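Below is one structure, written out as structure tokens; the observations come after it.
Naming follows writing order (A, B, C, D and E), and every chain is counted from residue 1.
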């Protein structure tokens, strides 16, 4: 996620220079052919590109609106993760009640285990979501990246649990199943009444929802039939542009066509880069920083000493991952 | 669902060549009549198609926005299916508790039966949704298809249950009714308290919702009054295009009109092909792959051996069904 | 609801011929006056209608988006009716439990009564919603209609109840009140625990919601300030069209103006006809067919013989009401 | 709320004549100066107003979409009021159960008091919402108005309660607090179980929501930064219009500019008049008629005699308040 | 939040004069160079800016729609705060019930403590949200501001609690944790049944949601890739404008270009200023006034004397913070 108000020119050119070069070559070629060759007539009337306007507006508007919709939904889902994580920690510490003073310490350790395993779940889901799909590997190295490995869960679950966890088909779901089994245990020990047991199980269903909604966005791309054609039609439109401009504008065709092409190129690319929010790239939903926020909040609710808190997440060059 | 980032030209032409041929013939005919016959004046001023722009933008924007809305809602609904299936398996294994050690095995078998019948429900609903409506049979053979038959439910319910199941008017709803009746049984045996009984019944209501929402999208097409007219008006617009272009562009009318027509054609067709997500075609919501994900997750929650898991779903030529 | 993919020309002309005739007369008159009279100058420059484009796009986009929004919401509401009806039947048959074997038959009859009265509620609400408002009576006879009378509830409630029912100010709400009173009875008899009693009452609240949401759409038209002006401005725009076309197009003004006017006319009319989904006309939300689906599902859940099921709803000429 | 399908010319002119007069004067002045003075050149090219098109489309689309969004949300909120009012009456009459036959009458009076106080709440909220804000007082007398005073609550609460009620900072919230306190009383008397007590309290939370959502719309105008500029930019656009038209159109500038200006004026004004739904003006959400519907339904649920029902709400000149 | 219907010219110029000056200089320079230098040809045809129209419409529409979406969501969230605060106060006073008359006063004090701590939570969250982010500090002093410090919580919690509170990483979440711990206490004392305990805990989860949703909007800016480019492209568009106008308009280029540039500038800036609703600036969601409303309502529900109420919030120059 970018928080800096202005994007640096370097950043913009890093991702666009190849396409800009193409458009520069196209418009220069058309200018030269038109002016000096005398052989070819490339000029076409301006209403040809006007006629494309409607179609472009719909394809580009579609791509950008829904790319943002996906990104913002991803952020909302992880916002829910923040909210329910805090609720989970409070419920673990206030709804689970020892039968008598003697059990007090055992219950306290049990509460802490539930909260820690939840931090493991948050980290596991982050890692699970940021694994790249084969069809989504970027052609170009990303400028900003972050490590995401399941080992991040080690401090929060037992060694024995970690060994099972890491070989699961769906590791985060395994942790939720474990939480459920431990709630049953607490119920059988009398620390939870029937009603408070089910209340905490309901909070686990909220985490099922959060995980499943995140997986949906991860595994279902914006329909390719839209994103592919928007890319193709921007290419068609911007290739036709210098042919329209050449009749009246002469050499000015080159800079003006480049500027206008850049605007459309930018419009297509910001959609392309926003649409997948879990790919470990600079426009990502900031899962790393949210994981740290959650860990900090939950340790504070457990009344741990501030020294235990993870270090504050710092933005790098106006980017938060 | 298409996951490949680029569509092959072959795929695009397979679905569009007939219409492109029509537009090629129209613009060539107009060009020939205008240039050589000397008999007919087909040229019309450019603002005639500009005047159509507003109407086209609304019809095409409407069709594409709502086609995508239906497709994405279908995906969301089946995302809920994933979430609540995992919750159901956890609830079956943690909320249903034997009265004593002796019942332990019986309860375990009962839990497994509830989870297996749920897998049967998921498969049954997939098949139920992918039956073609009379009015939706495609004129052209689809390039990608998959088998969907009720026999997919056989491994997950008893032979006796299957024989009743297959003759039901609404087979998935029959399975939910059975689940409810078995919950009542568990309540009567004391494995479920009053409160946990109702909690699991609430999860069944979530499945009622998932089924009903899917049926709504399946049985209610995008209003034909919009989709039909958008098709007709693209035809009108693209037929008028070469008449506008002919005055100034001569032979260039043919390629340019074809390119612009292709853009509008694509815009109409991507809407048309996206609007119905349960028709067993390449843009479908990927029910087959989701069914396999759910089965795998649930078997993992039941702690079954990995050999029991269904084989991983593999995309074919960038398509996931 | 139209399910046929193509609308017949007859159907389209039935609803538009009067307005098309008006536009034919307007453009022909302008053509004749301009060409032959020599008295009047009707021609105006093309940017006058371009200037109207923005306003038209907003009014027409508004009308169509929100008309569809109302229609689709109506369909969603009745989708909920399907879902919760199935849930109600399951809850009636599994949550209401006799205290002993002796009450078994009595409880079974009681369960059946609750389910049947619910079918009566579905039919009563359909009839309640399809009564015409004074201000919504169509000027032209509709091509497709269906009978909707309260007598459809007779088979599902007792004669005594029907006599009270038919004189109620709000008959469907009366049936919900009765359901609530019978739940209280079941609670007092011990067939429902405190908790299961309230659970079923919650399902009744869902039906309150479904009824109230349907009434909202029925009783609150799309704001007339928008729909009226959209109609007026299409009229203004299409009346100005031939004045713009006449300068350059001569006799071609007549067919081209008629085609463009038809496009705008269609755009306004599909909105107009979609906006009210409970008026017993061909674009209606298909309440008749949904009522039959619900009755069939509920009888199946009651394990009734297939002969008791209502006959399958068949579409007529591609129309489902 | 307007239910008549056509707006009368008188009504339209009542609200627009001042602005139309302004535009008439502007275009006539420009025509005279341009034609006869020879001193001033007011003509400007048509692409100047085309360049404003984008900005106007966004501002006007914004204003109208969100004005309608507020209005329709207000209607939805009061739709919920209808639904939950019916549920409240049913719950009051079926969930509150006497401990024995002797209390029967006392409980019945208690139930009636809860339902009547709810009718008082509905009326109190209507009055609370329709008090004018200082900054929203219209400059022109409204054509349709209705009385809204707290005395409308008198028939439904005791004299003693009314005396406290009328001096409250927030009278509707006071009634909800009272309902809660009476539920507690019923719980303490044993008429409500713990569980049914909380269920009814949950319904009170729904009323908190309904009140708070209504207050949100009432107290938070559509951001003035949008509505103010849309008004200003329509003024700029329509003042420039005759300067564009004058070059080619001569005297026809006057009627055509007036017509086009009227279209934009209408577009801005329908947004302006729709955005605030609780101001006791003709486009209001129909709170008066909804209050009467609720009172009638609740009296029917209490099985009161039809003579007690309030008189049916009748529309006046196609307007329902 | 602005409530005044008209913005003062001073206010508008305060925020725009620098950019307007830039555009004045650009168009004057182009005019002078074009008219008098004879050296440079700056004129370009009008379709160059028309070609930018599509892209601008999408970027600016995007920015404004989503800026408003964020602002209105913020207002909705704090609307929920109002609703649930009233519900919390009612639940605290009616669901917490002493075991006997003797405890009555103790319980009453306990209830008041819960309600007061909630007022502290509301104020703490307001302060927490209005702390400026490093990357959001405005370049220009704001015209309207308000003090927001944690000391506002002092009157509502004990001195001891305040000392811990102020050193917390997340002070509002600390207060919710405390509320949860006190509910557990009340449960252990028998003032809350199992069921009423969980009901009040559920209301705390609602406050978790409100806090987390507010934090989401605060910490996640509208994607910079959109807002940055919209600013750049308005700059490009408005710099090209005088080059288009200069050919036909001569000196009129200067005022007309300035007017059109102002329209686009305004469109971009209203989005920019609306997008972040928790920055203590004049377009903010009115947290100060809402905090006072909540405090007043809750004191009224506690039946405190009117003298205890905070002073009514008064708008200053048509602004409510």
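Quick note on the criterion: a contact is a pair of C-beta atoms (placed from the backbone, for glycine too) under 8 Å apart; a residue touches a chain by one contact, two chains touch by 3 or more.
If you want to know which protein each chain is, UniProt gives these names: A, B, C, D, E = Hydrogenase.
Because the structure is predicted, anything quoted here is derived from the model rather than measured.
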Mind checking chain C against chain D and telling me if their interface is mostly the same residue numbers on each side, over half, or mostly different?
different
If you average the CA atoms of chain D and of chain E, how far apart do the two points sit, in angstrom?
25
Geometric centre distance via CA averages, chain C-chain A, whole Å:
40
What are the residue numbers in chain A that touch two or more other chains?
50, 53, 57, 61, 195
In what order do you meet the chains if you trace the ring from chain D in the direction of chain E?
D, E, A, B, C
Quick check: in the complex, which residue numbers of chain C touch chain D?
44-45, 47-48, 50-55, 57-59, 61-62, 66, 133, 135, 168-170, 173-174, 176-177, 180-181, 183-184, 187-188, 194-195, 197-198, 201-202, 204-205, 208-209, 211-213, 215-216, 220-221, 223-226, 228-229, 233, 236
What does chain D use to touch chain C in their complex?
1-7, 46, 49-50, 53, 56-57, 60-61, 64-65, 68, 71-72, 75-76, 79-80, 82-84, 86-87, 89-91, 93-95, 97, 193, 195-196, 199, 241, 244-245, 248-249, 252, 256, 259-260, 263-264, 266-267, 270, 273-274, 283, 286, 296-297, 300-301, 306, 309, 315, 318
